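Chain IDs A, B and C follow the sequence of writing; residue 1 opens each chain.
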Amino acid sequence: MFKASIKAEIMNEALNALIAFLDEAKFDLNTDGITTKAIDPSNVAMVDLKLSKAAFESFTCDSAVIAIDLIKLSDVLGMAREGDLIELELDEIGHRLRVSYNGITYTLSLLDPSAIRKEPKIPPLSPPCKVIVDGAQVRRAVKAAEKISDCITLGTKGETFYLEAAGDLDQVKLELTKDKLIELTTTQEVKSTFSLDYLDDISKEVAKASEVIIELGKDYPMKMKFKIANGNGDIEYIIAPRIEAE
Amino acid sequence: MFKASIKAEIMNEALNALIAFLDEAKFDLNTDGITTKAIDPSNVAMVDLKLSKAAFESFTCDSAVIAIDLIKLSDVLGMAREGDLIELELDEIGHRLRVSYNGITYTLSLLDPSAIRKEPKIPPLSPPCKVIVDGAQVRRAVKAAEKISDCITLGTKGETFYLEAAGDLDQVKLELTKDKLIELTTTQEVKSTFSLDYLDDISKEVAKASEVIIELGKDYPMKMKFKIANGNGDIEYIIAPRIEAE
Amino acid sequence: MFKASIKAEIMNEALNALIAFLDEAKFDLNTDGITTKAIDPSNVAMVDLKLSKAAFESFTCDSAVIAIDLIKLSDVLGMAREGDLIELELDEIGHRLRVSYNGITYTLSLLDPSAIRKEPKIPPLSPPCKVIVDGAQVRRAVKAAEKISDCITLGTKGETFYLEAAGDLDQVKLELTKDKLIELTTTQEVKSTFSLDYLDDISKEVAKASEVIIELGKDYPMKMKFKIANGNGDIEYIIAPRIEAE
């Protein structure tokens, strides 16, 4: 069984982190909270979301695996305002999730968890560089890059972390020296390029986090980690680099 | 002759109630005010609007019947702000209406009243159930229903008034027990289904009314009545039910 | 060399005055400031912009002629907010302009000035009528005219300045008697008609000017002059009339 209530803004925060590149997802519900791990259809971006029971106003759950149409759920939450309490209740026999707020009850049919694509095993990653930065800076650089190109390069040079993009004729660059970063730890100069298709949606969520941990390498997958739900939730994205033939 | 002035927000309130499903309408202007009665091209929804002379800041009229392109009139009022005084003057010889506000005068040609479709005679309706409810509740249920279906069912069960919709897989329901209603008077359980095509536009207007009188039956036309123009105007909609083959 | 900084809102004000009907423009940079003179591809509207060095927070320039893709520059400035300081620096060897704000640096390639269309010599104009009016009035009349027609007529009758438009069936008119004008000087009644394609975009800029000098004649080009950049810039538009066969 699963019965919980959560503030609308926290539910939306978690949901939006997934919708960045997923239409549907499988969730593990257990006594401690909710987790999901999913990869986008093109195998470029992976998300690992943990929402502890402390993120909820009330939470009663034994154990269940459910799969949800995220677009439909997000649509149904569209009329909820900040502070509204969203009540969730699983109808295991009917394979449905009841979502109620402000007196209106939606009964949504669930998807078959076995029909959701499994996340592939990811070999352990150990990027040599770690940057901690205000998420708003990442968002600004991504928006600027979009005016010029369809990809963005993140890298370090000495004690500077930079985000840059180059189009056929124009360039854009945001340089953040160590004093503008929360932390910069690196054993070598790194540089990897990522598709803005993914970074655009992801950076909208990242923008709200005051501390984003970015782990980078040379033409290597990037990790981005940050807290949601007032510290009661964790998001980790892994994004594959775009490797151009030289 | 007809010469009047009215606050922009009241004129828009009356106009929007008609534009919900009409592009043009015929108006009876007389010494007491303005009335119009019209039916949509598909014969599904009828509106009866009465705007008493007290709704106007000034009102001088003997008697006239005019027909107006509502879309054009609404467009011309688009730059008016709350509190602006709209001045109206009929040029009977030129078949034109002068609409002035903020120093700008629009001279709009009128339509030929005989070219406007006549409203059919409606047999007298006596729905067995009467609900009085805050219009905002109706609007919320309609918006929720639209996420799931293209029609909405209104009904009563015991002392509860409900609005619900069902799609192929999902459902949504708003239940209002008697204590959440202003009034509920019913001699039997009732239930009728209506197209959201009509209810969507109508409920935008209903939403602003703190008291909407809904009269309902079993697969029977619904009446919705409410006041506009600070109590100086009356709107009554009659909406035909959608009757599904069973 | 050219190196300058300017408040975002002033840079946008100047840029928008050009973008009203131009995609690219040639700029004369000199020790006193920046000037540009350009005509739209259809030869209907001309703009003459002067931005003195006093409009800038800092300004160092000897002499240069550069050509800029205005749409791209405007796009790049899209994330700047009121009060942001825009830093500009010309890289003459690389034929590039560096635009920086909030830590982000864009490097934009310049166009070849010789590829930009030259403005034709304009014979000296001496319209017989001069009106000084609040720019917001002009904007209001243009917006009202657009609901009815694709052109607008400006003229005087006695001591009244009017803006009017007529469609097939409807008319709209804004009359401004001398007491509602800042100045009206005329030796004869004048009347000229202009395409709203041009007046729409131009009037958005005009709207912000509390004093616009309009010079008019009979089926004669119109001049519109106003200050920008807190008085440190001048815009002059010349717009050709639309002359209908009678």
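Throughout what follows, a residue touches a chain if its C-beta (ideal position, glycine included) is under 8 Å from a C-beta of that chain, and two chains touch if they have at least 3 such contacts.
This one's a predicted model, so the numbers in the text were calculated from it and none came from an experiment.
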| item | value |
| --- | --- |
| Contact network partition after chain B is left out of the picture | one piece |
| Fraction-based call for chain B against chain A, same above half, different below | different |
| For chain A placed onto chain C, the superposition rotation in degrees, Cα atoms, nearest 5 | 120 |
| Between chain A and chain B, centroid-to-centroid distance (C-alpha), Å | 45 |
| Multi-chain contact residues (two or more partners), chain C | none |
| Sites on chain A touched by chain C in the complex | 140-141, 143-144, 147-148, 169-176, 180 |
| Chain C partner contacts - residues on chain B that touch it in the complex | 72, 75-76, 78-79, 102-109 |
